[in-house]
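Common to both upcoming complexes is chain A, partnered first by chain B, then by chain C.
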Partner chain A sequence: MDTETGGEKERPRDDEIQAFHNQIRAADAEKLEFVGDKEPLSVLEDEYKAGSAVFLAKLQILKENYGSIRRARGDGNCFFRSFMFSYLEHLIVTQDEAEIARVEKSIEICKQTLIDLGHAEFTFEDFLGIFVEQLQSVIQGKETSISLDTLVERCRDQYVSNYVVMFFRFVTSGEIRRRAEFFEPFIQGMSNMSVVQFCRSSVEPMGEESDHVHITALSDALGVPVRVVYLDQSGDINDKPVTVNNHDFIPEGMDTSVDPYVILLYRPGHYDILYRRENPANVEPTILEQKN
Partner chain B sequence: MAEEKYNMKNPAVKRILQEVKEMQNNPIADYMSLPLEDNIFEWHFAIRGPSDSEFEGGIYHGRIQLPPEYPFKPPAFMLLTPNGRFETQTKICLSISQHHPEHWQPSWSVRTALVALIAFMPTKPDGALGSLDYTKEERRALAIKSRLSAPKFGNTERQALIDEIHQAMIKTLPPVPELPPANVDSAEPVEDDDEDDEECEETLVAEEPDRDAVVENVHEVNVNANAGPLSVSFSAGFRSATRAQAVDAADTQPQHRLHADHAHPAQAGTGPGTTAQVRPVVQQPPSDSTLTILAIALTIAILALIIKKLMRSQGMPAGMPESMPPKL
Partner chain C sequence: MSTPSRKRLMRDFKRLQHDPPAGISGAPQDNNIMLWNAVIFGPDDTPWDGGTFKLTLQFTEDYPNKPPTVRFVSKMFHPNIYADGSICLDILQNQWSPIYDVAAILTSIQSLLCDPNPNSPANSEAARMYSENRREYNRRVREIVEQSWTAE
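And then the complex of A and B:
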């Protein structure tokens, strides 16, 4: 019969797992920018060539609708970084000033939520400020306007990137706590933590991975629809036709038929940015990223 | 303080200046902290000993070093006033997080850390590095001594800052209360010999896992600091490891109850990850059949934990669409 202490020996301790995690992340960091270059989806085929048949079958389905991928560094912040880049890129491409005005209003509400929850303003105002600065620079024709290339650079810059991630973490935590009753059952379904504990240990710290609760909260708080496309092992290739699961996170009050602004590819434990197949008619040379 | 002196390109500078301003605009009697005139990454502070403890009436000075990556990396704390709870001039191993002990959160501030430090003073050191376990009398004597003068540290400018903080704090400081005779504790002061400036206890334990089974005992201190318009609420976990002989389940329960009993009343609760190990499950010496049921329950709990950990390490739980909740 196993005693607690015996069990403890067989299982790595939390801090050992964490240390190992950190090692992997550090190694990852040297290989990949916070957000990578846009790559054709076929790079994944090469990656999985020797891998699972389910993956390959799903990739084929994926290719019908999606053309490219942009990887995010696997440092536990990949959802937030992918969201940041994908959303800002959406704005740079669409030049949707009304959307920027709308999201800025949402940010004001988030700010008030955080203050109401007892956060001192100085603990988040720098993070908020950096995100607003990016929002304001994506509209072209101003002195502060930035190109898509510059956006890529900024999202790779540790300062800008981490500050925006931290702002999103604040917003996510604020939204979860503001609607604690709503989120509680989902949080208790995954852990034995209270809502507040969950926010402290799984939302606010940098490097803590995201899942449905985080995505729902951020998408709702900012009013940004998000699609997650799942590339995983689910389904059996011999059994029935394999399907690729999608999940659209549509903020409350938004038409559910809206095309999500942010599309992410989920592979177990990791999010990257996914791009729809480009309709050749829509390709404008000015907005295409120049690769060196 | 002239802002143009600093490199405003370093985002930490703006944040730190904001904190200095906020701290000055909302002074609190329990603590005071100011940066050096010529280096805002280095602060001096003094805290009041928490009331209803042997530190009450004491004034404890220390220094804080903020890293260039602040607030993404934690500030380092060091006490300068002998206090009987923390080594002086040694980085305090204060891990202000319950989930990952090494995790500092960018949403915290110097103010939150100072509040945490005060809250930690009356907690049991449990052999954590940099900690001291002096008797209450010793600590009380040090508290009385701490009022007489500020510690000597650094150059004249630094000393002037320390003295300034001391003078400001001492004005409103309540006296060290009389010692109630019932509280006499005859234990000898115990000092940790194997301390290390950089390493925390948990690191040390990780390096020699084979010696004894390790039972972790997580103390949690909930702090609510109302600082004028600022209200800080957070929970600080202080994690240390207590060695226990490998014992079978029958012996383990009473032993853990003992651990729980040792906890200071203020340290309500334990970390979520270790609940199973420290929760006092039984109040009476259990009968054999109770023990069997208990042992089975424990095994199941441990298995569940292992499976959960495995799932998590593979990124499974939320990722599998099958287990996906419908649109929340």
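And then the complex of A and C:
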């Protein structure tokens, strides 16, 4: 980056650096599907056995309300990927056709936003189309209906999965720019970038990681509430009872007491999908374990 | 054969024909939709004014998920353009997004001409001259502009 100190001759070209980054990332990513299988939350205990006490204490608290996790690949798209699967899975389970009709209206507004911002429709319509296709196929009893297993397959398929992620990135970028005044202070709190620069460098390209700004924008634009549960090192186990922090992203105009069904587990730098316990009766043994 | 990338490129082409941004033009080669020729005109009231710079854009079947390889065919003198004509521009590398169509790519390259990014020099002589001796830099740019009229 520094033109003065590093003889330019030794510096690899940008495309070479990029190719190398991609190579590392690709090798890493292939160890895990875009979205994994549903696993009991106890797999995290094994993972953190030797880890921090705060983590383990928080995990015990999590287990009171949440039973399973589904991992997303750590390729920088994990928020969008988790959102996609969690939302579509919710629809396939609930068969909530009214919600699909509602979100399709939101998508129309997102489309208009992108056009108003000067994007040619053909630059995003394929991506939009793939998402709408998934929405329409989760309702059962039609020729195009798909099972949960097929949904998993599709969310693991590079074409479908990446197209939906890309569509969410467009929607997120459009929403941030449409409400630039609202998002500007948050963006400037994190970086020196303008709203447009932020969207160009941290939202629109694949593989750029997400944070509060992205989640707020996508949740607002699609009208889908999202809960993020934080499993991090904050808090001191010796100090006071450890608590697990949640943050609910409630779209503008929605009742704030709504209970989000898209629930994501955040560990620093990464999002996975979290599931509520299916059988709350199992809570007790967990609490006992914790006390022992 | 009509693949998603080819279909998309046809739409890119249609837009560029019907609604071309000022100062750029581009079209696929007759027998190959994946290889385009383009021309960028140097922006008015800048040292680049009057230049007609030729480029090629090579697309793959991964387009629009991956950017095309864009290269100047005309000789260039610019901090972010390599001797072989390839371009150091964020959206053509790690900040690519399918939201860009060919018109947007060419427009971005056009604005790069007058607004170089000193942080990623591809031509160290041009980069140094741009920051240390703008008058000489502008003179070299004018030379390039003149060459762009005659070169084939």
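Here, the second predicted complex is superposed on the first by the 254 of 292 C-alpha atoms of A that agree within 3 Å, B and C clash if a C-alpha of one lies under 4 Å from a C-alpha of the other, contacts with A are read in each partner's own complex, and residues count from 1 in each chain.
Heads up, the rule we're going with is that a residue touches a chain if its C-beta (ideal position, glycine included) is under 8 Å from a C-beta of that chain, and two chains touch if they have at least 3 such contacts.
Since the model is a prediction, treat every value here as computed from it, not as a measurement.
Contacts of A:Ser234 after superposition on the shared chain: chain B is touched, whereas chain C is not. When the two complexes are overlaid on their common chain A, residue A:Phe170 makes contact with chain B and with chain C alike.
Of the two partner chains placed around the shared chain by superposition, chain B is the only one that A:Tyr266 touches, whereas chain C remains out of contact. In the superposition on chain A, A:Gln95 contacts neither chain B nor chain C. Contact with both chain B and chain C is seen for A:His119 once the two complexes are overlaid on the shared chain.
When chain B and chain C are set side by side, the one touching more residues of chain A is B.
When the shared chain is aligned, chain B comes close enough to touch A:Gly189, but chain C does not.
Within chain A, the residues touched by chain B in the first complex and by chain C in the second are 1, 3, 8-9, 13-15, 18, 119-120, 122-124, 126-127, 162, 166, 169-170, 173, 200-201, 204-206. Put simply, chain B touches chain A in their complex at residues 11, 14-15, 18-19, 22, 71-72, 97-103, 105-109, 111, 202, 206, 209, 213-216, 230-235, 244, 246-249, 252, 272-273, 275-277, 295, 298-299, 302, 305-306, 309, 313-322, 324-325, 327-328. Across the complex, chain B is touched by residues 1-11, 13-19, 118-120, 122-127, 159, 162-163, 166, 169-170, 173, 182-183, 186, 189-193, 197, 200-202, 204-206, 209, 211-213, 216, 230, 232, 234, 245, 247-250, 266, 268-270 of chain A. Across the interface of their complex, chain C is touched by residues 1, 3, 8-9, 13-15, 18, 21, 119-120, 122-124, 126-127, 162, 166, 169-170, 173, 200-201, 204-206 of chain A. Chain C contributes residues 4, 8, 11-12, 15, 64-65, 82, 86, 88, 90-91, 93-101, 103-104, 118-122, 124, 127-128 to its touches with chain A in the complex.
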